[in-house]
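Before anything else, here's the structure in question.
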Amino acid sequence: MPQSKTALVISAHAADFVWRCGGAIALHAEKGYDVTVVCLSFGERGESAKLWKDPGMTLEKVKSARRAESEKAAQALGVHDLIEFDLGDYPLHLTQDDKFRLVEVIRKVQPRFMLSHSQWDPYNTDHMYATQIALECRMIAQAWGHEPGQKVLGAPQLYLFEPHQTEQMGWKPDTFLDITPVWDKKRAAIECMEGQEHLWEYYTRVAQNRANHFMRNSGGQAGGRKATHAEGFQSIFPRTVDEL
Amino acid sequence: MPQSKTALVISAHAADFVWRCGGAIALHAEKGYDVTVVCLSFGERGESAKLWKDPGMTLEKVKSARRAESEKAAQALGVHDLIEFDLGDYPLHLTQDDKFRLVEVIRKVQPRFMLSHSQWDPYNTDHMYATQIALECRMIAQAWGHEPGQKVLGAPQLYLFEPHQTEQMGWKPDTFLDITPVWDKKRAAIECMEGQEHLWEYYTRVAQNRANHFMRNSGGQAGGRKATHAEGFQSIFPRTVDEL
Amino acid sequence: MPQSKTALVISAHAADFVWRCGGAIALHAEKGYDVTVVCLSFGERGESAKLWKDPGMTLEKVKSARRAESEKAAQALGVHDLIEFDLGDYPLHLTQDDKFRLVEVIRKVQPRFMLSHSQWDPYNTDHMYATQIALECRMIAQAWGHEPGQKVLGAPQLYLFEPHQTEQMGWKPDTFLDITPVWDKKRAAIECMEGQEHLWEYYTRVAQNRANHFMRNSGGQAGGRKATHAEGFQSIFPRTVDEL
Amino acid sequence: MPQSKTALVISAHAADFVWRCGGAIALHAEKGYDVTVVCLSFGERGESAKLWKDPGMTLEKVKSARRAESEKAAQALGVHDLIEFDLGDYPLHLTQDDKFRLVEVIRKVQPRFMLSHSQWDPYNTDHMYATQIALECRMIAQAWGHEPGQKVLGAPQLYLFEPHQTEQMGWKPDTFLDITPVWDKKRAAIECMEGQEHLWEYYTRVAQNRANHFMRNSGGQAGGRKATHAEGFQSIFPRTVDEL
Amino acid sequence: MPQSKTALVISAHAADFVWRCGGAIALHAEKGYDVTVVCLSFGERGESAKLWKDPGMTLEKVKSARRAESEKAAQALGVHDLIEFDLGDYPLHLTQDDKFRLVEVIRKVQPRFMLSHSQWDPYNTDHMYATQIALECRMIAQAWGHEPGQKVLGAPQLYLFEPHQTEQMGWKPDTFLDITPVWDKKRAAIECMEGQEHLWEYYTRVAQNRANHFMRNSGGQAGGRKATHAEGFQSIFPRTVDEL
Amino acid sequence: MPQSKTALVISAHAADFVWRCGGAIALHAEKGYDVTVVCLSFGERGESAKLWKDPGMTLEKVKSARRAESEKAAQALGVHDLIEFDLGDYPLHLTQDDKFRLVEVIRKVQPRFMLSHSQWDPYNTDHMYATQIALECRMIAQAWGHEPGQKVLGAPQLYLFEPHQTEQMGWKPDTFLDITPVWDKKRAAIECMEGQEHLWEYYTRVAQNRANHFMRNSGGQAGGRKATHAEGFQSIFPRTVDEL
């Protein structure tokens, strides 16, 4: 394990890190983690419907607006480094060079844990592609023969953050994180996403209901810990522990 | 969460707790946990082939031998309380009264976590039945209307310990526990199982290979923590955490 | 298909029909369906924690309170017939006679569709048991040799309504029902459940977020139909249609 | 492995062994196997609709007719021993004594392989119950402490024969058996089932299409072996081989 | 939903649309739907064995023969528009331009529902690749930033039609369509596939057995609707309804 | 089926064929099979950590060392033909030409069965990619229109050999092969892998424990055949048999 506390989010589109793990980011930032966020694209083609309804809109203008929004949100959450790969969306595609660029970030960050999308998403193939890339680049970052001399990656957990319509994605959370202390920050970041205002209340309700799950699983009516907002995550890899 | 440190193992037959979670028991005992083990049966009919090959054998003699072995093993592991339900095996069956007796144990122990079998086992239907019972009795123990006035159960994790032929049981470990510090105790407990000597080396190898998995998942060739023996567990319920 | 419009809900505990399919009940009642609800138990032991915290409480008082609540809720929803089987809960168990009593109800109702719990629920084994019973009794109701002369059952769909913590139950909705027109009735029924006030807002948020899913799947940003509240259901059997 | 060639079919209702594995029975009988068939019930209540449409029908008459049909079919297939347990159907239920009676049959037969139903069947819970019983009784038959002195069972394969509507049952065949040489016998046995004439052509078509699968998997257009009729089976346990 | 009635089939090879959804095409055509069929390839390399056995055969001749057959079949079914993408098969591969060409078709058609292959097919990787492409292009067609100004796609269902050897593909039909009224047209289309005469009777039997499933699921022996031929489909997305 | 006895292993990296199916290779070689092994890469970047820790190391030196090791191991096992594709690893990628080269090998070998990796491997995406390629190239090799005139492939089984951390890969063995007679050869081949000495004992233990599974499934305590070492395999396709 690296000495410094670090985490890495790999987000297919610019806003995903806000809805899906904004609480985890803010919470760990407060705990002294340097959280790096990679946005593989701005979601400029596929996730900016509101902007495109303006007849004079151009791709550059959309990207610029999305960039501004995500930078503002990142600031609200305390993101250490927001990296925009600007690779295009719908569909997202990475060349080998793009993958190696991501590997470079992973190695530089040396994350204690990583966060990305669900493994299956029939509504949005960019999402599941991003997860496949996260696994592939994690593997490359572990290879001693890739850019020999660089510090290779250990074996960080890959957490899958909450997709939209969880049951359709076969996503099953095994970890609930209490984000009550940083909810105000997450809500502030959510409100930076002006183009998707229809989702503000939706994801507020998600956080509230996940808090109910947090309480159920930490004791229920016989002492579950009070929480007002939470986030859920699915782990890809097993944990290694000294106590159950 | 209860103040005292407690854990509860629900084992279909007398030897299961040794092979499958003897390390977890010994390790947590060393950490100050009171670990209670419930053996629903002695495995006297189905898991005592060697004894039955003796022509003068009787059911009582087998049960007595199995009881002695499991008591000795429990002592070696530091079990706080070994409770023999003596309900018969092949097949195991619990009446409502038997279930309520198990509920009483659960409530008395107030375990921080519970351990039982895999959910599916086509070779041994007693095993999967025990897990079903564990879930049912956990639920009853949480009911405020069951023996009102007693302290109800919170929401302890149910870990499924390692079955024989894991892949056939659909068992997938999500947690590896380093049992290196207590391996000698587990081996000593294993050697108490005189009737099943053919399994001593088998489960020693399992522990060694699980240590390899522990190291892989704690860092691999880039810093995985050294471990010589480990055990794997599958969680039924999600965890609730303050840090990923 | 029978001429009259009928539906049947099989609910393990008295409140389940409200949280999980109250909208479906109210909507179909408005459409002229006679909706029968069978509560196999009152949830008196396991789902009445608030009542049991009163030191002078007795089983009969709890059952009476739960009966009153569920009758009031049923009235708010327009339930045609609320049948309390009063079989006890935590654990729920049906004898053969109890099953035949349920078969009698099924045959009398001749439902166009049935509703019950998810197939898997590690938190609450009563729930999954109720679904198993629903399938078994549906089968018996189809048997020409069971009470010959009675009208046998056809092949109604069994919809599984929404459990708590859907992802942990492996529940995947394949049908979203717009309950916007009857939301007020469902909310009124929810408010009849005085002992579980902590769930009122929870299930209101569920209905709001399911409306988002309804809109996504009926057209999304390119014309999804406006809905403010919805419910989700998983079908056990395939549909038979004349048009896709 | 026992010296003599034997096989055992465990059929929930009287006709199942004909539709689902009649070819396997006839083929192995021709190869010198003694094939024993246990019918746990006659299917008198649930699978005899045609008979019950006769207004003067009684349970005994139905059982008698079903017995006659299944005996005739067994003879056509070359069944060595047809054992009618007559335990009742819809629902089927076995007491511990019934299970021990089945164990006795298993031990007496010492089958090289066993055949039963699919593991899941939402249309017919008797079917999946029969498979659960087959696994449980296989386990008991292996117990040295059950009726000590009797020859215990080895580890025969349990093949799951083809259910109706395979995809709804989650049944996936991993073994196709060429029954071309005995098709006439299977068809003759099928025609003994006078009460279910609507299924004669259905299962003839199944056998023809399974022959197509046999050919595909034995070489396809580059040399698949010609077969006109086949049956499919799903194995519960792994095979042990000396050559792949 | 668009005003006009339209549907779109995405077929990996030229004959797939005939065997797998010819009935759905003919039925909806009779109901006034404009059904567009896209054949991504002719199946010229991998699904034309009979033609290739002729020693003088060339790729162009095979493609020409396959084109003629599929045009004739399309006419028999009442296909509105048959579009041959001619991208090559075994393996099928689409460049980004090919995908955008498909997106253009999707947007032009604005289908109420789409049809493609099963999600898994170890025998034929072209099939599962086609489904992946169908999902990816459906997503692109929904993007407001893709060819801004064009009418974006709503959220049409993607039905997966019946593969060969359904159980090996993990395909589970949730919808049975009665194609009795148009069976003659489907059979006529099937007979256009001169190179695959060995499949004519096979898929006729499939349609007959699916009719049995249609009847079972629409009421069984207690009033299942008579049907002589049917087709099965698996839905990817949930339905949105106003009545269960 | 071809007359000659042949088999083909498709291995992502140079050492995989030794750990995962070295016993199967040696055993079938002794039985007169010509076993061809294709290594798609040397594992030079990702599976040669020990070599890379030498500061003067270069890619060519690593490849050369890995080539030497795998040739020596192949000789120890009796491999008929070891073919190094040298396509690079971490990540492995095949162009269409690379695939056609593999198809050429498949057709030349005309294997009775093929061996490759598990279908899912989140630790090592090269492994699951190799299996996908094996399926795709098997399909192309069956196409009469691919290189017309060449002998097309039949329908050989694809066995998936044992991955590291089987449960994480969703790998379930359905076939256990007794490799006792050739264990010495497999151990000798293992010891050729000097760079991965930490795995020698690990895979020896795997073989010993798989022998326990072999014995359990061939009869258990009632006559399971003695074996000291075994290997497990998962089949992709169903078997076609004349006897169960």
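As written, the chains take the letters A, B, C, D, E and F, and residue 1 is the first residue of each chain.
Methods note: contacts are C-beta pairs under 8 Å (C-beta built on N, C-alpha and C of every residue); 3 or more make two chains touch, one makes a residue touch a chain.
What you see is a predicted model, and the numbers here were worked out from it, not measured in a lab.
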item: Pair with more cross-chain C-beta pairs in contact, given D-F and B-D; value: D-F
item: Reference interface A-B: repeating pair among D-F, B-F or E-F with over half of contacts shared; value: D-F
item: Separation of chain B from chain C, taking each centre as the mean of its C-alpha atoms, in whole Å; value: 37
item: Between chain A and chain D, centroid-to-centroid distance (C-alpha), Å; value: 52
item: Numbers and ranges of chain F residues touching at least 2 other chains; value: 49, 123, 142, 144, 168, 173, 213, 216, 221, 232, 237-238
item: Chain D residues touching chain E - in the complex, by the definition given at the top; value: 49, 123, 164-168, 170-173, 201-202, 205-206, 208-209, 212-213, 216, 221, 232
item: For the chain A and chain B complex, residues of the former touching the latter; value: 1, 7, 24, 27-28, 31, 113, 142, 144, 151-155, 157, 159, 173-178, 213-214, 216-225, 232-233, 235, 237-244
item: Partner chain C, residues of chain B touching it in the complex; value: 96, 99, 132, 135-136, 139-140, 142-146, 148, 158, 236-238
item: In the complex, chain A residues that touch chain E; value: 44-46, 48-49, 52-53, 57, 59, 62, 89-91, 93, 122-126, 168
